[in-house]
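Before I ask anything, let me first share the structure, which is written out below as structure tokens.
Order of writing sets the labels: A, B, C and D. Residues in every chain begin at 1.
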Amino acid sequence: MSADAAVKYVTEITPEDESRVAEWINTEEYKEKNFARQALVINPAHTCQPLGAELVAHSFEGTLPFVHGSQGCASYYRSTLNRHFREPAPAVSDAMTEDGAVFGGQNNLHEALENAYALYKPKMIGIFTSCMPEVIGDDLTAFIKNARQKGFIPQDFPVAYANTPSFNGSHIHGYDSMLLSMLQTLTEGKRMEGRCTGKLNLIPGCDFNTGNYREYKRILKEFGIPATVLADISDVFDSPLDGTYRLYPGGTKLEDAADSINGKVTMTLGKFATTRTFSWIKDNYAGEHLSLPTPFGIEKSDAFMMKLAELFGKPVPESLKAERGRAVDAMTDAHQYIHNKKFAVYGDPDYLLGYVSFLLEMGAQPYHILCSKGSKKLEKDIQALLDSSLYGKDAKIYMNKDLWHLRSLVMTDPVDAIIGDTHGKFISRDAKIPLFRFGFPIFDRVNLHRSPLIGYQGVINMVTTICNKFIDITDDTCDDRHFEMMR
Amino acid sequence: MSSTARKIEGITKESTQEMIDKALEAYPEKGRKKRAPHLAPNDPGASSACVKSNRKTVPGVMSARGCAYAGAKGVVWGPIRDMVHVSHGPVGCGWYSWGTRRNMMTGITGVSNFAMQFTSDFQEKDIVYGGDKKLMQLLSETKELFPLAKGISVLSECPVGLIGDDINNVARQAVKELDLPVIPCNCEGFRGVSQSLGHHISNDTIRDHIIGTREFAEPETPYDIALIGEYNIGGDAWSVKPMLEEIGLNVKAVWTGDGQLEHIAATHKVKLNLIHCYRSMNYMCKVMEEKYGIPWLEINFFGPSKIRESLRKIAALFDDTIKENVEKVIAKYDPMMQAVIDEYRPRLDGKKVMLYVGGLRPRHTVSAYEELGMDVVGSGYEFAHGDDYERTSAEMPEATVIYDDVSEYELEEFVHKLRPDLVGSGIKEKYLLQKMGIPFRQMHSWDYSGPYEGYKGFEVFARDIDMAVNSPTWKFVKSPF
Amino acid sequence: MSADAAVKYVTEITPEDESRVAEWINTEEYKEKNFARQALVINPAHTCQPLGAELVAHSFEGTLPFVHGSQGCASYYRSTLNRHFREPAPAVSDAMTEDGAVFGGQNNLHEALENAYALYKPKMIGIFTSCMPEVIGDDLTAFIKNARQKGFIPQDFPVAYANTPSFNGSHIHGYDSMLLSMLQTLTEGKRMEGRCTGKLNLIPGCDFNTGNYREYKRILKEFGIPATVLADISDVFDSPLDGTYRLYPGGTKLEDAADSINGKVTMTLGKFATTRTFSWIKDNYAGEHLSLPTPFGIEKSDAFMMKLAELFGKPVPESLKAERGRAVDAMTDAHQYIHNKKFAVYGDPDYLLGYVSFLLEMGAQPYHILCSKGSKKLEKDIQALLDSSLYGKDAKIYMNKDLWHLRSLVMTDPVDAIIGDTHGKFISRDAKIPLFRFGFPIFDRVNLHRSPLIGYQGVINMVTTICNKFIDITDDTCDDRHFEMMR
Amino acid sequence: MSSTARKIEGITKESTQEMIDKALEAYPEKGRKKRAPHLAPNDPGASSACVKSNRKTVPGVMSARGCAYAGAKGVVWGPIRDMVHVSHGPVGCGWYSWGTRRNMMTGITGVSNFAMQFTSDFQEKDIVYGGDKKLMQLLSETKELFPLAKGISVLSECPVGLIGDDINNVARQAVKELDLPVIPCNCEGFRGVSQSLGHHISNDTIRDHIIGTREFAEPETPYDIALIGEYNIGGDAWSVKPMLEEIGLNVKAVWTGDGQLEHIAATHKVKLNLIHCYRSMNYMCKVMEEKYGIPWLEINFFGPSKIRESLRKIAALFDDTIKENVEKVIAKYDPMMQAVIDEYRPRLDGKKVMLYVGGLRPRHTVSAYEELGMDVVGSGYEFAHGDDYERTSAEMPEATVIYDDVSEYELEEFVHKLRPDLVGSGIKEKYLLQKMGIPFRQMHSWDYSGPYEGYKGFEVFARDIDMAVNSPTWKFVKSPF
């Protein structure tokens, strides 16, 4: 401190200033300033690639996720998955530190492979990178080859690896890259001329809802379609509590994944979740390949069912037809509780498309539609959906905006509810409107990831959750004379 | 609850060493050699730490450790409520640490507190061309959108240091242009071996940029103190502060739970620093002692015994008024605390606990469990140093296992062997332990409850421990079929 | 008006009086007066026998419920079912009027049988009585015999009939009587020496939750146990909307019901729901007979599973074991949100026992336990449950008390939540605590009857609903500085 | 929207009769003979009702009708807010009618309104030994627990009349002992052919026990009126009352929506009775006309045309002030109503509606639909009399089908044939129709919405009809597979 500086005293933020600014941040003026931001990102609704990559690495039988990078990165990813699923998320890192910047990360990687292989006895390891090795340019291909040569892991031990730089894309892109690598690794040399497993390979994409995976499997079972769900987290992140800790509960069987290259049909769900994987599959997998929208709402679920029926030459089973009818029944019975209600929705691209579909089908208005890692292509797809319905006409789409932008939108142009994830709860509170936690992550409610959102059962679940909440609000906020037995 | 010669039936130096050896068997030789010095039976009589610590994490062992950025953002800086903390670099680090530490805050979010995620969201081009220019713009946008922010911290993520950006220079410029404290903190995650270096770097930054830049507006008194290393997890500071005020002290600043930049900046004017989390902030206490002559005292506010002991240690440094107040406070609260013990101890007596946490909890909470009749049969730290383990020996019963940066493999082995009735650790351990049928409390974050410190906290602590251990849900873990 | 009466002017209830009494009804003093009532019943939590009887009559294939009595009765029953299920509830009455009191109801019954048979082409008719014929003493046996003789219905057309006096018991007793009659009618002459269907006859009892029936069937399917669910409403009151109205969707197949007398095992669930039926079955049905508690909570679900395993010599399937583990996982993960919370619970006996079991298993306190049509036996069973747990020690049981009593209890000795049905919503509002609508009827929320409460999935559903609501409350009521991302 | 000679394309007398005949084919001869006179094509020119009505329900046909008790409890008595209404007899009747009519109420439930279920809960022994004693005790318990109740109605259920209890005698005694109006109403469900007799009996009881027992405390004015047959479903009275006050009238009593006993008791002092639901309360209008010389006028407040017409009819009975007010009100609201029509008519134009309700709706709402561009192609009543059908002819287009006490079988047949875009009926019909893929609104209860009457109501009505007809959910009824 320079001796001649006048003493500065501690000051407090005055209540007046606090009130003034608290009002100001809800104004149009503030909104404009807020939207003028170019460098600062506040409350983004997406995270970095490795998280998605880790999800994939967890989702194969006996596979140990392995972060090539700082152990702090691994801690962050694991905690996030722990909190969302309320389940273990075992993963290792090779704990790179400063010396890695100088010497590269090979030593760390080798030592870590040796230890992890010995301690956690995986059937496979899925390596993905965090920032450090990406910036310094580690050569994973060479490192792993060397590891085999030096005996840190057996020659034939399967190791998938993906570059998942955090300064590029979002968790869904990391998911895509890791999945691609897993499939490349597992299917290498497995393509057999003339062989057809007769099975469907289903790739749900970067989805953190275990209920959805179970629901896909249930639907396929109803159809009687033999299937391999690739990157199946349903048992991985929803395992029984019975006194035994299992390091690797569930996941797609490696054998099945390997043989998936000889599948009859390979279907990815979600146009945006697994584009690289899909493109590689098209060039390398036997059988038919196709990509369908994630089946949110009736129309997209219908498309899914009909495509399954067509591909496998089986009619949609009566049980699913009846389920469809029950879902439509639930929709008509409850439409009046949601009709014309305005929603702010945000999330990953394929989920976002799903929300918009579902809301339009119910006669609700998706109104502020925001993706914090979107694209022109996504915007076009959403707009096309909106254009198909009267209830989409007032909607606006915001690409690559964040939740602080969304706050401005909701405060200046109110809506009745938000669909998003836990991070939206501050907007929900400030705007005094409900938040439906359909997305990822959910850190503050239990079991929601166990409740499917896809297919007809998903429709019923969303109808139930949303409509009953609106009725709750009516009951909670009406005056005595409007408090009624029936709703 | 004397701190010497406590023994646990069935636990001997030999049995513990055997358990450790068995856990180490699975390691490859190199790994075993590295890990072995981090695991040992406790020896309360020894003069030095029984385990090695603050070493690089062994690659591939599944450590729970975080990084320097986590120590800076999550622990030291994040809780300062009236500053904007910018996670400078890619989107993830800030996203993961957003709202996940439970350092509670006063004020209106986005107005007078900033418990949000601010990031420069580095893209490929920022890596290639550098992010300094973006940072400068970001700082000015921050000032415009958050006019009541008292300052901005810039917390570097890994790429920043690796690509050679000079955030210190940008910050210097910004201070001038924005007329606002902008504090650069080179806490890239690859630095050091754990979050610990992040604490240290942050402390140094506070020393270099903040301390001494303000003075309190009101007149000094002999009772002015600061509370250091108190992060207000689950509202701990809101339990402890009134207690200290009740004994007559003025808590002028809290570092950094629900903290305020300018109060921290004026802390060099207090008469005493009380330090709770020694690990993360002893550096600053030493700095303030050396530079400003402020004495410091380690205290422990978990459980009535330690509170009593700590209050009397504090009283010893003050005049009779404070001494009398302390006795009054003890006399007032002790019966209430006894009532809590009377309620819960019968249900918890003889239960075994294992701890694995960070900072101060692995030693500070031992006595609180013991007051509930429980024995702590193992303890360890994520990111402790030797001085932490030195301080731990006396708190733990003889020959109980001490583990530093324990791997999940080792922890699982120890739990299998010791079959504790409760494990207190973090979110990454929680569900693993629960799958084994072991009751668990997150002891980093009080498992969404709290406070656990102070008199108010002990009541909550006891209730929560009882709930965890005695929840009837555990009865159903084993299927009858 | 007598001429000498002084003019009396219109007076208004004063705000002062209103406030005074509003406070008074929340006091201990009022509670005492309230509990001293002997003649007046206010807001009973049960209704009359015929409603339960109608539920049974709907629940068999092609069966038309038929109310012998006033058409107004039929309208009431039907509306109640319509509102609860949001589904059609086709039923006829024979529209007795005053002349019935003089001449008896035979003419009405005959004409109605003739018309109903012609118009609605049922495979069977289920007749039950409302007050009038019960008071005047109509002889249904003779009437129906005469109807056949006179050709109003074919000789061999199955007609079940039950006396279901409204001035006796409650809807669960009407359920029991009608079910008994349905089974007696359908199985008459079907008992075949030496024949065993190999099947389980499952009698869930008077349960208005279609999700529970589907769940029973799913569980049995997982086990691979062939079963006939007797009085199966799952498709009856949860039918698809596909543009075709079906008068008789679903229901237990008559053939299966007839053959149920030759079953391998007949199991009733709920000790209180079907006592008469069970007692008749014991004397008349082949195979084993047993009664288990309605499987709410883990322990009772375990007992159900183990008994199935034992009876059919099949181990509990791995899939259900895993489900159990997931349910226990959900319980432990969420226990802290419900632990030690106090509940007021009311409902039908078997549901009530279920609520108490579940709450005790979660470490919550069932605190005020009320049955508005209970018995000493029920009280004993509940007390035994309470005695088994620390969390039951402060509970009090109230038999044959009504919801106005419950209001006094809740207002003078507060709890954290109520479990009941829609009728509890006024107490919930007055006490500012949540109401969990697990019982019957639910008139003011959608789809809740589609969500099972029994079995392991039921546990997950109850945990989810209750715990998330408590978290909602924390989020909604905490001050800003306690509003947190994680919970 | 003229009420004469409206025709619907494709609907002729012959086509309608053919449809009716076809529907009747399925009946046995006796049933067919009974039902035939209740179904007919509308003949707006005819001087008398085109269908028979108020006959016993044909047994076994699945009628939607209720009983006398329902008419007394649900319709007439239930809405009087400051009385306790005791359902005297077994538990069911009161339970079914508890909170299920949406007659909304001011006040605090259990304190100043009594929208609850009060019953004597008859048991076997009450049937055997009679319930009079129990009733007496029940009445005194009621008075003690609900001291602000202005009176008690005792509504008999079937057994009471059948076992020969004398509730009139008990009530007489109770009036003396409790110093409170206690009104016995012999509305046993078996009386009459529908809820209609319950209305009549209740009207008579009001006549015998209530009317004339009070006078208004404030001075009479020429503008004092009562609103009769208005039950405040979904808040209708709260829409209509302010409108009448806006034209300068004093609404001294509402019968019986959100009603107050003493106001009803003083209604003999008003200058005009406006009757909305003619069916349920014309009796009382006639009584008050005969006994007190109070004129009465039938009005219809559904849709702007009928509101306009009704307001002018009212104005014609008053002085210029009222007349001017009426024109002002019409001038004020008509543009708003036009805006509503402009918004919704494009989406509803040409859509077909079928109605089957009770009271007044099957005729009163026809014009409101027509203002939205919709055609009502069938209508009928649950419990109407000839005079209702006389009043209906002119409102309905030529040759459209009129059905009295329609059976579910007939309704289904008619709907199959006419394929309406909307059916407005009750809860028992709702889900049947929806399963057929037909949009539906509950027109007894406004389907949990409302009000539908008055200016405010039309806006809600139009919105709801649009929502029902145009909900995109209907697109999904037909599966593509």
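To be clear about the criterion, a contact is a pair of C-beta atoms (placed from the backbone, for glycine too) under 8 Å apart; a residue touches a chain by one contact, two chains touch by 3 or more.
From a predicted model like this one, the values you see are computed outputs, not experimental measurements.
*Asks:* Name, by label, each chain that touches both members of the pair chain B and chain C.
*Replies:* Joint contacts, listed by label: A.
*Asks:* Taking contacts as defined above, which has more of them, A-D or A-B?
*Replies:* It is A-B, judged by the count of C-beta pairs in contact.
*Asks:* Would you identify the chain whose Cα-based centre sits farthest away from the centre of chain A?
*Replies:* Centroid comparison gives D as the farthest chain from chain A.
*Asks:* If you average the CA atoms of chain A and of chain D, how many Å lie between those two points?
*Replies:* Chain A and chain D have C-alpha centres separated by 53 Å.
*Asks:* Where the centres are mean C-alpha positions, what is the separation of chain A from chain B, in Å?
*Replies:* Each chain's C-alpha centroid was found; their separation is 31 Å.
*Asks:* Centre to centre, by mean C-alpha position, how many angstrom separate chain A and chain C?
*Replies:* A distance of 40 Å separates the two centres.
*Asks:* Taking the mean of the C-alpha atoms as each chain's centre, how many Å separate chain B from chain D?
*Replies:* The mean C-alpha positions of chain B and chain D differ by 69 Å.
*Asks:* Residue numbers in chain A touching 2 or more other chains?
*Replies:* 83, 86, 239, 241-242, 321, 324-325, 328-329, 332-333, 423, 426, 443, 484-487
*Asks:* Would you pick out the residues of chain B that each touch at least 2 other chains?
*Replies:* Only 98-100, 107-109, 431, 434-435, 477, 479 qualify.
*Asks:* Select the category (line, ring, star, complete, other) that matches the graph of chains linked by touching.
*Replies:* The chain contacts form none of line, ring, star or complete graph.
*Asks:* Return all touching chain pairs.
*Replies:* Touching chain pairs, listed by label, are A-B, A-C, A-D, B-C, C-D.
*Asks:* Within the complex, which stretch of chain B touches chain C?
*Replies:* It comes out as residues 98-100, 102, 104-109, 235, 258, 431, 434-435, 445, 447-449, 464, 467-468, 470-477, 479-481.
*Asks:* Along chain A, where are the residues that touch chain C in the complex?
*Replies:* Contacts found on chain A: 83, 86, 235, 238-242, 321-326, 328-330, 332-334, 337, 422-423, 425-426, 429, 443-448, 450-451, 460, 463-464, 467-468, 471, 475, 483-487.
*Asks:* Touching chain B in the complex: which residues of chain A?
*Replies:* On the chain A side, the touching residues are 1, 7-13, 17-18, 21-22, 25, 30, 33-34, 37-44, 46-48, 50-51, 66, 69-73, 75-80, 82-83, 86-98, 100-101, 108-109, 111-120, 130-132, 135-136, 165-168, 170, 239, 241-246, 404, 407, 423, 426, 443.
*Asks:* With touch defined as at the start, can you tell me which chain C residues reach chain B in the complex?
*Replies:* Listed in rising order, the residues are 298-299, 302, 305-306, 309, 315-316, 321, 324-325, 328-329, 331-333, 335-336, 339-340, 360-363, 389-391, 480-482, 484-487.
*Asks:* Give every residue of chain D touching chain C within the complex, in rising order.
*Replies:* Interface residues on chain D, with respect to chain C: 26-28, 30-31, 56-70, 82, 86, 89-93, 95-100, 107-112, 116-124, 126-127, 134-135, 137-138, 141-142, 144-145, 147-148, 150, 157-159, 161-163, 189-193, 195, 212-217, 260, 262-263, 265-266, 407-409, 412, 426-428, 430-437, 477-479.
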